[in-house]
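Chains here go by letter, A, B, C and D, matching the order in which they are written, and residues are numbered from 1 within each.
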Amino acid sequence: MSKMWGGRFTKKTDPLVEGFTKSIQFDKKLAEYDCIGSLAHINVLKKAGLLTGPEYKKLEGGLKSILESAKKAPFKVDDAFEDIHSYIQHLLEKKVGKAALKLHTCRSRNDQVVFDTKLYCLKNITVTLDLLSGIVKQLAKSANANARQAMPGYTHLQHAMPVSLYDYFGAYVEMLSRDAKRMSNIFDNIEIVMGAGALSGTPIDSSKYSVKMMPGCSLCSPANAMDAVSSRDFIIETLSALAIIGMHLSRMAEDLILWSTKEFDFIDIDEAFCTGSSLMPQKKNPDVLELIRGNTGKLYGNLMSVLVMMKGLPLSYNRDMQLDKEPLFSSFEIIQQELKVLAGLLPKIKFKKNNIARQLEDECLYATDMADYLVQKGAAFKDAHTIIGKLIAYKLKSGKEIKKMGNEALKKFHPALSSKVIRKIIDPEQSVKSKRSVRRKKR
Amino acid sequence: MSKMWGGRFTKKTDPLVEGFTKSIQFDKKLAEYDCIGSLAHINVLKKAGLLTGPEYKKLEGGLKSILESAKKAPFKVDDAFEDIHSYIQHLLEKKVGKAALKLHTCRSRNDQVVFDTKLYCLKNITVTLDLLSGIVKQLAKSANANARQAMPGYTHLQHAMPVSLYDYFGAYVEMLSRDAKRMSNIFDNIEIVMGAGALSGTPIDSSKYSVKMMPGCSLCSPANAMDAVSSRDFIIETLSALAIIGMHLSRMAEDLILWSTKEFDFIDIDEAFCTGSSLMPQKKNPDVLELIRGNTGKLYGNLMSVLVMMKGLPLSYNRDMQLDKEPLFSSFEIIQQELKVLAGLLPKIKFKKNNIARQLEDECLYATDMADYLVQKGAAFKDAHTIIGKLIAYKLKSGKEIKKMGNEALKKFHPALSSKVIRKIIDPEQSVKSKRSVRRKKR
Amino acid sequence: MSKMWGGRFTKKTDPLVEGFTKSIQFDKKLAEYDCIGSLAHINVLKKAGLLTGPEYKKLEGGLKSILESAKKAPFKVDDAFEDIHSYIQHLLEKKVGKAALKLHTCRSRNDQVVFDTKLYCLKNITVTLDLLSGIVKQLAKSANANARQAMPGYTHLQHAMPVSLYDYFGAYVEMLSRDAKRMSNIFDNIEIVMGAGALSGTPIDSSKYSVKMMPGCSLCSPANAMDAVSSRDFIIETLSALAIIGMHLSRMAEDLILWSTKEFDFIDIDEAFCTGSSLMPQKKNPDVLELIRGNTGKLYGNLMSVLVMMKGLPLSYNRDMQLDKEPLFSSFEIIQQELKVLAGLLPKIKFKKNNIARQLEDECLYATDMADYLVQKGAAFKDAHTIIGKLIAYKLKSGKEIKKMGNEALKKFHPALSSKVIRKIIDPEQSVKSKRSVRRKKR
Amino acid sequence: MSKMWGGRFTKKTDPLVEGFTKSIQFDKKLAEYDCIGSLAHINVLKKAGLLTGPEYKKLEGGLKSILESAKKAPFKVDDAFEDIHSYIQHLLEKKVGKAALKLHTCRSRNDQVVFDTKLYCLKNITVTLDLLSGIVKQLAKSANANARQAMPGYTHLQHAMPVSLYDYFGAYVEMLSRDAKRMSNIFDNIEIVMGAGALSGTPIDSSKYSVKMMPGCSLCSPANAMDAVSSRDFIIETLSALAIIGMHLSRMAEDLILWSTKEFDFIDIDEAFCTGSSLMPQKKNPDVLELIRGNTGKLYGNLMSVLVMMKGLPLSYNRDMQLDKEPLFSSFEIIQQELKVLAGLLPKIKFKKNNIARQLEDECLYATDMADYLVQKGAAFKDAHTIIGKLIAYKLKSGKEIKKMGNEALKKFHPALSSKVIRKIIDPEQSVKSKRSVRRKKR
């Protein structure tokens, strides 16, 4: 297939090499952004006097019509081409003839591909932010809807202290809100530039590069051309932020998987969000959540692959960098899919209140409240901790409920203890309410 | 699309979930192995009396014809199905009717997919071993063809001591031979089993599972069914071995990239294995080598993704494990492509002997030989090291060649030194030959 | 501090550089192996006529006495030295005077450090294999001791089919036995060599390097000197095998953590293997298991760090490689600690049989057995799967036990069903026993 | 050693477990921040009426004196304690007696350790920002000092087009400035909170937590207590930002290593920043730069280890999280060391202008300028690219300099070409100056 280079070559590229070096199978996802970039570029060329009015018109028409098809998924490309840039060049030559040969004036694929990838990032950060905002709203809704539903809180997966579903979902509201902040910082830091050429700039004056490209996004020339063509930190920090989102979602998935076991049995996940087994007729598996947990592997792997690829590369552009795109596309797609499917799954979760209530009967959950009560009654905390620890040990060994031990037995541990006091303390709603240190935000 | 489960479900799977959980877009690569497995499985069912003779014949015929199409790339699949197993089940039902409903007797996709993946591994290890053996032969050939060609040896990328191209290529012969040994150990450790069911085995007696499957590969039942369906160490160690191969190739690539710079200018890479620039007409870039270097990212990322995915998974099968396949396929494909393209590139490298010879004139390369000479003349090594270090410092400061310093000057450093001695020492071939400690293998 | 180089340098090393480049803070762990290597090396030097008898005796005496102290932990080193090699050289000079200046004849730290690290590996693989063998024996013991104890088997963490603790522990016997096989293959592949010099060999004839070093381990000269000093695949494959062990242990840890939750409540972990909370008096946390799970992070990170470090390094030795040791030491230490602590924890686990039995009452666990029964009675498996799926759906919707549905209701699903049949099928021991496909090994 | 828990325990912790679970060997680095936290905490307790005035005074005095010693490195700790919190508690009990038993009132180590780690982060981000700002200034200085020094620009490590050292160093100014921006965003996002308790808050009113802690840093209570104790995204994003800095520095290191080879010979690195060889007397190795390159391994590994550790952890705190600290400390220390040592190395680099000038004679470097000239003369760029490509091919095949080809020969390629034109184009300074698209910032 026609290449964008070749004058100095007297031999044909080995077919193995063509197969090994081509990128069109994945960079076709940049088609839309490549057209947008070329439209901006011809604007620059016209301002610089390197295109006549009619040439500009022709090219503009051709590029706009390619852009139209590129926007309609699926955009069919011819895999025989080296990359999406060559393929679009080829389409344009077919459409507008000789004028197309001027398109690549003062431009290198080195700067072109960074432009495309940055635009792809901006677009997909926006999409991701919308999805994050949706899921945060959904979590807040779940929090509010179950605001008074207490449940056992866990540390080390052991019963710790009562918490509320409001707090549980609120924790994820916080995490995903920070994730959104992180994505949004990345958006702000991406500078869309043109004019870096291969690595050293172009003969066109930098002022000509100030063109408007689309609403809210204007273009400028780079502060440093070598940096512009050979830096990929914007990709790595994007992959890192996406990996962190995936990590957060993997934790939520883990909890929901646990809660839907027969042993916990706290929730029911809607059938439409589960799958079955080809062998075991009874199965209703939380596959969606497992895949969300498992996808952390791919998300971390994607991040690692670009970090590794960039390690120790001399300036400026090296072909290794072509390998930055697949991981980026993959991580965005994973996170966007996960957020979408969770947005469907979450509101349909049913809480099995009786089962949760049964676990809240565990007196151990209130041990800290008992210690706090002794502190109120003047004990030093460390002493109170030891006293209640012994009470718990006694309870477990004797198999007796603390509630039913009787005043005499209780007062042996501490004079301020009594059955009445204990009964007041062992109350999940009261326990949650008594934790006044949290600045619960209105949602 | 028709699923392999569903009796207990009253709702339809949410379309988002279908998109999110399906694997046919990548596990279609297992089609061939899935058919082979099903052929073995019906053999077992027949022996266990769970299929009649005519049913067996029908199923065998149907599976063999699907196997034929699966072997012919590209095997078109209908992406609307959940996975390759469902799709082949569907094809079989269309081909042989009701008998197909018996195929999945005493079988779970949990064991089926491990079977398929192990067979895929065996096949691709064999292919990789052949390619490794080819490249090792090519390296040995390059070593022998340039056996007497000395070159500067480097440590810290600084001139160290003369070595020969025989030694240089020989180093990679050793590395890649160890890689082959590693792959071959993995091959030996993979046990192809059937009969694990979902996690606990099947009602069929284990003796029935001893069927021959294909020449050189016989099947048996598992020693432990939970292990059989839920272990993936064979994938991780394969990915690790492939990552190590990629690491070795990245080092060779780095050296060849350096040698083809204008500044080193030691080699010429054939045009058919280079590509050009869309902007800079003079460019002939070693892209193939850069991509080999850059692919380490993907290879490491693939390894990492399966390690992460498996972390902390409870027994036995979890859906997370579906994500083991894409990384495995990707790493095999990368390494096989790299080995093929290197096999084409290596024999066409041209050594620019004059440029290499010019670097061999660097007297610093022979400093260790000088110290060794002083040791021979009775100096303690540490003293000899200091003396020659000072001689080098003097050379660099004064800008004089040691060869031309004259006896008087030399003897100030050590009485055993003289112009004649120095001239004898500064001889790359002699320097290489004098290193008698290496057991150079005949190749 | 006195360095092993410096003749050509006229300036002192910048203190920042000394701090940044030194390795003694971690390579001091190689002290013992360094002495063993030097003892072999002086043997070679003597045979090559580069040491006199008395010099040899002196050096041997000095090295042996340093070796003695090095074997006694903790071996105090002076952190002001660059590395362990310089420090031992310094000790030797203090002990034996001038003869010590000959020690480094025909040797480079490049080959010395590989020698030391390989010996360290062999030693620690042996230790790890012993620990693995211990834990495998313990697991087999736990399997045998609980051979008839059925429990719910899980896939997707949902009740799947009954299994036995024999099978559960047996799964880990298989995994860890493969791990041992892998470690043992690595042991076999490590070739201990000497005589590579800096990168190109030494003037000493290769035959002189055939010295015995210690029982069962003899030394030879390298087949390729550049490979010898600059390859680290033995470290990477060791780190990979250790990471896989850690992954396996993380899965066991996860299951045990789940089983010790209040909700599962299948096991009791001995207090001596748990820790408490500074705030919550009731807490008894499975910290050991959590750290085993969490350590996968470090183990994977260690593997990744050496893979990354080696990526794209030109031949031969580069200082980057100094960073291979900390991760190696760390991963061995983690795995050895984990195996030791598990060997203490496992035999003390108490199974709460009543709680396990309660879960085994879940009729869903026997759905596959019911389908298998219908297959026996002539149904095609896919039909049987659908029928039982519907039965389960009915059970769940109606809240009725299948056992108590009565023959009439059951026969609506399939004529072969009856209360009697169902009662026979719903029997955990019977269910486990009926799975005859597994080649259960005698242990 | 005295623990902060234990009342309910009747057995002693197994010594293996103590060794395996303790963290004091690394969390001792938090001593200072732990004291600051406790000082804030007693303030809260006093406001909440849980400490009397005299108790407060005592505790304040004790904590301040421990803080003083903690600030003085090295702060000796007793490794027999479980963690730094227990050790400081122990010191305090020795100092102030019974009042110390009240310190841990309404506090858990879960929130304490997050507080400490966040404060550690803030401090170390500040230190890192200062070092980054120093190196950016140094790079700008190097850029300005060599503003007119042209050099070959590389893509694919092949001669591309002339650039200037101003541009080269400027590229790193841009990268490291973005790195600083990233670190500074992380600083802004870290919210220092207290009052989360173990996971559910404390009985103290949230308003009491608004205490000033130190200038510029005030404390508040958390918006969500579960999130506060169990989130570690602040650590992961810090590790990611540090990994990116390390990646950038590895690229600079790679270039400087290349430039200091005998073959490039563009620069001389000061002896005080190089080290030698124990075998080869002539060696002056760029070890510092190699370690900077190699440290990417550790930095990436550290990032990976925390990402992996956090994957799939259920809420809220789990002991796995203890393993977040070593990687964090390690990455900060590496980057701070690298920035310090580079700040010393960079200003002492000497450029070998003659050697650079020799490479600038390569006519291929000006091929794009020639094509641009033809575009100016009316050629379509793609045609110009082909024409100059052919001219280069002819030059290389014939071995002739373009400059000396003569007008007749040149005009065969394009009528606008002539010896005069070529001589004007082949001028490195002119070539750099002609690239007017770059917005070179004043520095």
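We adopt the following convention: contacts are C-beta pairs under 8 Å (C-beta built on N, C-alpha and C of every residue); 3 or more make two chains touch, one makes a residue touch a chain.
The structure displayed is predicted, hence computed values, not measured ones.
In terms of the stated touch criterion, the partners common to subunit C and subunit D are A, B, listed by label.
With A-D and A-B as the two chain pairs, more C-beta contacts join A-D.
Subunit A and subunit D have Cα centroids lying 23 Å from one another.
Centre-to-centre separation between subunit A and subunit B, using Cα means, comes to 31 Å. Among the residues of subunit C, those touching two or more other chains are numbered 4-10, 104, 110, 154-157, 160-161, 197-198, 258, 276-285, 287, 290, 293, 296, 300, 303-304, 307-308, 310-312, 318-319, 368, 385-389, 392.
Residues 4-10, 50, 98, 101-106, 110, 153-157, 160-163, 167-168, 170-175, 178-179, 181-182, 185, 189, 195-206, 208-209, 220-227, 229-231, 233, 236-237, 240-241, 243-244, 247-248, 250-251, 253-255, 258, 293, 296, 300, 303-304, 307-308, 310-319, 368, 372, 375, 380-383, 385-390, 392-393, 396, 431-432, 434-441 of subunit B are the ones touching subunit C in the complex.
Those residues of subunit D lying in contact with subunit C across their complex are 3-14, 16-17, 19-21, 85, 104, 107-110, 197-198, 270-285, 287-288, 290-291, 293-298, 300-310, 318-323, 326-327, 337-338, 340-341, 344. Interface residues of subunit A facing subunit C in the complex, by the touch rule stated above, are 152, 154-161, 257-258, 260-265, 276-287, 290, 304, 307-308, 311-312, 359, 362, 364-365, 367-368, 370-371, 384-389, 391-392.
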